[in-house]
Structures are given as structure tokens and as C-alpha cells.
């Protein structure tokens, strides 16, 4: 079987190696392409908008005149939205996670809830907007208020919080629970005093990242009819509102170049806010997350 | 679920103690009423938290369905699904949704053409070629790309990519599908790359070694063994990417325009389902009008399309996990 | 992973007769196909092999035995540069195959691996059809003859043909463990290697499947040189012509204690440590 091997095998090793090198290069180029787009985007935005950012830009209300326009109401709206969303989503999300990890029996209902959460994570955000519009704005008659927006946002980020919290809770070793039960604690005492503190870092990190996602979301709030021209400070959950991304959308939709630059300025602020949120999450992850290994 | 296991015995003990007819001898270890009540209450509250997700789904389905059914009482479902004219906001109203579906699919196609090859190649780089240190540096960058709000991508598409396209193809309209699709592709890319990378990484090392031992080059090992072995995971990533592209709203609202039309001219403006929802929401459409209901009819269609795709990719992922475990 | 060949090149080494005295005692000496000279190996800072010199004669079965962790697999994987795939690995010394040091700068491991096949501890068929599993190697190496014939020939050689000939489209993963391992052997044979390295090929198999593989190894010995790592001393005694005994030294890196004809090594070992091991006094 080996005498005529030379004629039956044509390894063409040079060619194969050349193809291999070409392919490796292609994978590198592809990866760099994604990074290059990110860099281009940041340069573009900061180039257009960096000059816009000054004190007035942060403290002025939006205006028909580009030189007067500012982000005041949008910033305050985002802040309100953030707090209200957190108040609704955090207990709900953590509660669901605790239930699924510590209480839930292994039956069809639990599996159904889990499947359901997974599916909710894939629902387009604009559909959540329609839910908010039909349910909170119209049916609950909350109008286009902060609270209607926050409830919509809370439902949107709920799956994210649940998934992150479950992971954090699962990372707490059983020995911790056993120690608590052995001291005569009830299940809730064990969860509240042992499991949750141990998982706190992970839960908080996940929640902050989920809220960061909410800060950047635009479509659901537009759908529930958040107004874009708000020249007053929101003072309570029933007030009308605007938020940063909606203000940006509003400016970018106008034809004049000056407003586009305002939009870029708004994006700079939005990105800074997100950077801040992510830094806090990172900080929390390193400082509060307890390690068990 | 250790909690359930550890305390699972307690109810049994209670049952024995409180079974009817049993002599009422109070054990010194008998459960304390108040505490048991609190525990019970907390259990119920936590269950409600978890059930909130079901209520959310139910809420989505009922809101969408309620208005959609009302819509179909006025517009025959056939006309909606097969009509090629979408003019609900004009005097001569037509409710053929195909132009919106066409716009949605064309933008999604452009996005996929960008995201799938680049994302897959990035995934291959990260999983097969990159040294650990490079990988650790690149992954967070991709995560940043994934964390940029979509409204920012919209800005980038309209004011950075479109001008470039107009330089290259002068006939490009200000609002066009190509720009929105390309930028959407880069928005989806991190997800495509990350899911594909996961799929590639679970391919057992033994398979790679088996191929190397036969005298295959790294390229041949990757393309003819590793990628085929991860194919179902990659497929799931592609389906999820399509689903994301179809549901994406802000990029198309800003950069793709508002012209509902059937066609394939990438340099022209088209309206997607999501952009239509935004368009109507920006106006002040009164409740109980047909225009208001179109929102929900279009939303239902969008929901169904993404839902089917999410289920499909989930099912595929579940199947391929079994192979290597 | 650059190799540092030590000493001068000896191109005639492959043709030189085996230096093992035992081999010369009976019959004409066979040429050595694979020779390692003072092979040292590191995983990062940890030295796993300390200077192994071993000659593997053509068309013989060489068994490598020794306690767990003594570097048997590491040594075997040095013989077809499989360790190149491990980032922290470092090799010193020479592995001479067909007159050339395979760690020399100008050697492409890919081309060399076609000539030195490998069968792994756990069967690792590709998630492809039986046919495609066998055809994979020939395809990537540019085989130009009739693929069907080659697949059939390889499967026959691996004593699997009769069991699968009606079902070549079936996935390799649907076979039993023993069949999978024979498929992997067929896959290795299909690229027409000179040497087959086997790392505990039966350890994941039941006794019946093990017997079949052992029969197979004895048959393949006619045409191939086989190096087999095994934990099972009976197996070494059953299938091999020659046995090498490895152990860890004081610095816990693997060394070659003794190599001899299998029968002699098991009946009259020359090293006390070998005797202790084969009589079960340790390890």
C-alpha cells in the first residue's frame, strides 16, 4: 500500500499553509473591524459634540434656539426614571431570583416561569413600549407619566436582574446555608441573613448593569408617548418627562446641523453617564463580591 | 435549591403532629405559629415576584391581542397580511403590511450580511487563534460595543455612515436602508461573536487533537472540524441576530426613513415595522381609532416573528448542548 | 515551542540497527524508525521528562508502562509534536524519525503528523458520518486515489468494515465505544502512516472490545510500527514485542528506567524498580 504513495498523495503543504495564514489574518482583521467601528463612533461623537458640553448645556431647558438649548429636563428625567425603575425592578427581580433558587420546587410551573423569563429577554423593547402604552398609560390611566415609563422600563430589565441575581445566589456554596440551618435558622432567615449578603455584590452589579441598559433605552419610552419638549423640572412620579436618549433622538431628527451637534453633545453626556454606571458596577464587583474559592 | 431540600422535612413533621385525631401532645419542638406564618407569607410574596414574569407575558399578549382583534374587525386579516400598500395615516387608508415587512427584512438582511461573517470570524479568532491575553483584552471592547445605546448608533448611521455612502454612491438618499443595516450589523456583531465563541469553545479539545494528529493544518482543523461541530450553536446565534435585527428600533427610525414600500433598493428609504410604531407614537394618536390599533397589529406581527425565532434558537441551543455532555 | 536540537545531526540513524542488546540476541536486527535522544520536556517550569533516550524498531509494538503521572502520555505526544498545542510546553533533545529531527527548524509538524498517527485514550470520532470520519485525513492531505476504496480498506484493516459497511452514512458518534475506537484507528490508518501512537486506547472500553483492539494491534504490527501506552501490564505482555518502563525521578520528572524485550522485562527485569513495579510492590 505504500510503494506508489508519492503519486497518490499530493499534500501541497505550502499552499495549505498559505491558506491557513490568510485565514488567520482574516480573523484578526474581522476582530479589528469591530474595534475600529467603535473607535470611529467615539471619535465622531466626541468630535461633533465635545464642544457642546458646558455648564449651560447641563442646566438649560431644551429650546427652539440651538444656542440656548440644554439637557436639564432630560437629565432630571433620566435620574427620576432611574430611581423609580430601580425601586420597582430591584425587589421584584431579586425576589423572583430568590424564589427560583431557594424555594421553587422542581415542577412544571417552575420550568414554565424559567422558560418565560428567558423568552421575555428576547422580546423587542418596542413591544414593551406597546405593553406600557396599552396597560399603564391607558388602562391604569397613568398617562404619559414618569411612573408609567418606569413601570415599563422595570418590566424590560426584570429578566436581566433575575438572571444576574440567580447566578450570584447560585455561587453561594451550600455549606453556608447548612451552617445557618444548623444554628436553627428558618429558611427565610437563612436567605436573608446568609445567602443574600453573600450574593449581594453579584446582585448589585447585575442590577446596576441592567439599569445602565435602561438609561440607554429609547424606543419603549417613545412608544408610551414620552414627550420630547419638556421645559420644566419633573417634581413627582405623575409628571410628564423626557430622558436623555429621547432628547438626543429629538435633536437628531431635526434637519439643522446645530441640533445635530447638540445631539452629539447629548450623546457625550449619555456615554459619560453609562461609563459612570459601569465603573460603579465594576467597583462593586471587586469590593463587595465575596469569594468562596 | 438546597433550601427546599433541607427544610423539606419540616412540613412532613407538621403533618404528623397535626393530623386529625392524633392526641394533642405539644412537643417542645413544635413549630411556632407566628414564625411559621411569616415564613409562609414570605414564600407567597417571593412566588408572586417570580410570577410577575408570567403576568408580564400575559400582559403583552392581552394588550397586543385586544387591540389587534379590534383592528381585524375593521380590516380583514387577509388584506393586512397580503396588501402591498400601507397608508394608514393618509386620507385614503390602506392596511397592507407587506411594505413594512419588506423594509424590516431588507434592513435585517443587510445587518446579517455584516454581522454574521465578521462576528463568526471574530469568534473564531477569539476561540481558536487569540492568545489568552489578547482575548482578555478584546472581549471587553466588544462588550462596550454591545453596551452603546441604539440611539447613538442611529446618530452614527445618519451622520457618519450615510455621508460616506453618499460620497461613494451619489444617488443615495439621506435616509437609506444600507446605512441603517450596516450600522445595525455592527450593533449585533458582539452578540453574534459571543454566542458563536461559546459554541466553538465547547467543542472538545479531543476533536481538535484528533484532527491535528491526522496531519491537518490549523485552518483545516478549524474549518472542517471545529466549526462544523459548533454549527448548531452558530446557527442559533444567527437566528438570534436576525431576531435582534427585526426588533431593533432606533437605528431605523433615525436613519432608514419612513417610506413604506416594497422593493430592494438599498440606497433608498424604507420603513420598518418598528419605525412605523415610533412614527405613530410621536404623533398624538387618540385611542380607539384605527390608527391607534395599527400600532398593536404591527406590534403583534413583530412579537410573533421574534418569538418564533427566539424559541427556535433556544431549541437548537438545547439540542447541541446534549451532544457534548 | 522552538526545539533546541542538541549534538550534531546523524542522518543515518534511522537505518542503524537497534542498539538494544536484547534485540540483537535473536534474529536479524530491525531498523529503528523513531529514536529519541535525551528528550527533555517542560510544562512551564515543571519538568515532565528528564532526558529520555529510546529507540523504537520498525514493525514492532513498543509498550510504555509506568505509574500514573510519570510522563508516558507526555512522551508519546512528543513523538508527533502534539505538545506543540500546549502553550506552556518546551522541548529539548531530538526525536529522529526517518532520519530527520522532527523538532528541527525546517520541519513542518503538519506534514510529519501524517506519517505518525495517533489514537487517543478516549475515542474521539468527529461528529460526522463514519465515511467522513475516515475520509477526513485523506481529504486534508490531498489524497488523489479512490476515496471509497481507501475508506473500505482502512475500515477493513481496523476490523470494523463488516459491522458498518451498510451504514457508512451513520454518525460516528452513534457507534459503541469499542466501535468508535476502531473507527479512530481506521481514521488514523487512512492517511497511511508509518507509526501509530496509542495512548491507553482500551482504557475506556469493556473487556470484549479490549480484546478486539488487542487482536487488531497484533495484526497491524505486520505493516506498522506501534507505540502503545498502557496501564495494564497484562495488556503490555499480550500485545508488545518490547516494553519500556517509565518512572518519576527524585525531581518528579519522568525517566526511562529500563527497556527490553517484553518477555524478558516481565520475567527477568534488570532494574530493581522495574521488578518492584511489575510485581505490584508499588505504583
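As written, the chains take the letters A, B and C, and residue 1 is the first residue of each chain.
Throughout what follows, a residue touches a chain if its C-beta (ideal position, glycine included) is under 8 Å from a C-beta of that chain, and two chains touch if they have at least 3 such contacts.
No experiment lies behind these values; they were computed from the predicted model shown.
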Worksheet item: What graph shape do the protein chains here make by touch: line, ring, star, complete or other?
Response: complete
Worksheet item: When B-C is set beside A-C, which has more C-beta pairs in contact?
Response: B-C
Worksheet, complete the sentence: Chain centres from averaged Cα atoms put chain A and chain B apart, in whole Å, by 14
Worksheet item: With chain centres defined as C-alpha means, what is the inter-centre distance between chain B and chain C in Å?
Response: 49
Discussion item. Need the CA-centroid distance for the pair chain A / chain C, whole Å please.
Written reply: 53
Worksheet, complete the sentence: Shared-interface residues of chain B (touching two or more other chains) are 215, 217, 220
Item to complete: Can you tell me which residues of chain A touch two or more of the remaining chains?
Response: 11, 16-17
Item to complete: Two or more other chains in contact with one residue: find those residues in chain C.
Response: 110-111, 114, 140-141
Fill in: For the chain B and chain C complex, residues of the former touching the latter
131-132, 204, 206-217, 220, 224-225, 228-229, 323
Worksheet item: Any idea which chain C residues touch chain A in the complex?
Response: 108, 110-111, 114, 140-145, 153, 192, 223
Worksheet item: In their complex, what parts of chain C are in touch with chain B?
Response: 80, 82, 85, 87, 110-115, 117-118, 120, 122, 124-128, 136-137, 139-141, 173, 184, 187-188, 191
Response to the item:
In their shared complex, chain B is touched by residues of chain A numbered 11, 16-17, 19-20, 23-24, 26-31, 33-35, 37-38, 40-41, 44-45, 48, 91-96, 98-106, 112-113, 116-120, 122-131, 133-135, 138-139, 155, 158-159, 162, 174, 177-178, 181, 186-188, 190-191, 212-213, 215-219, 222-225, 245, 248-249, 252-253, 260, 263-264, 267, 270-271, 274, 278
Worksheet, complete the sentence: Per the touch rule above, chain A residues touching chain C in the complex are 1-2, 5, 7-13, 16-17
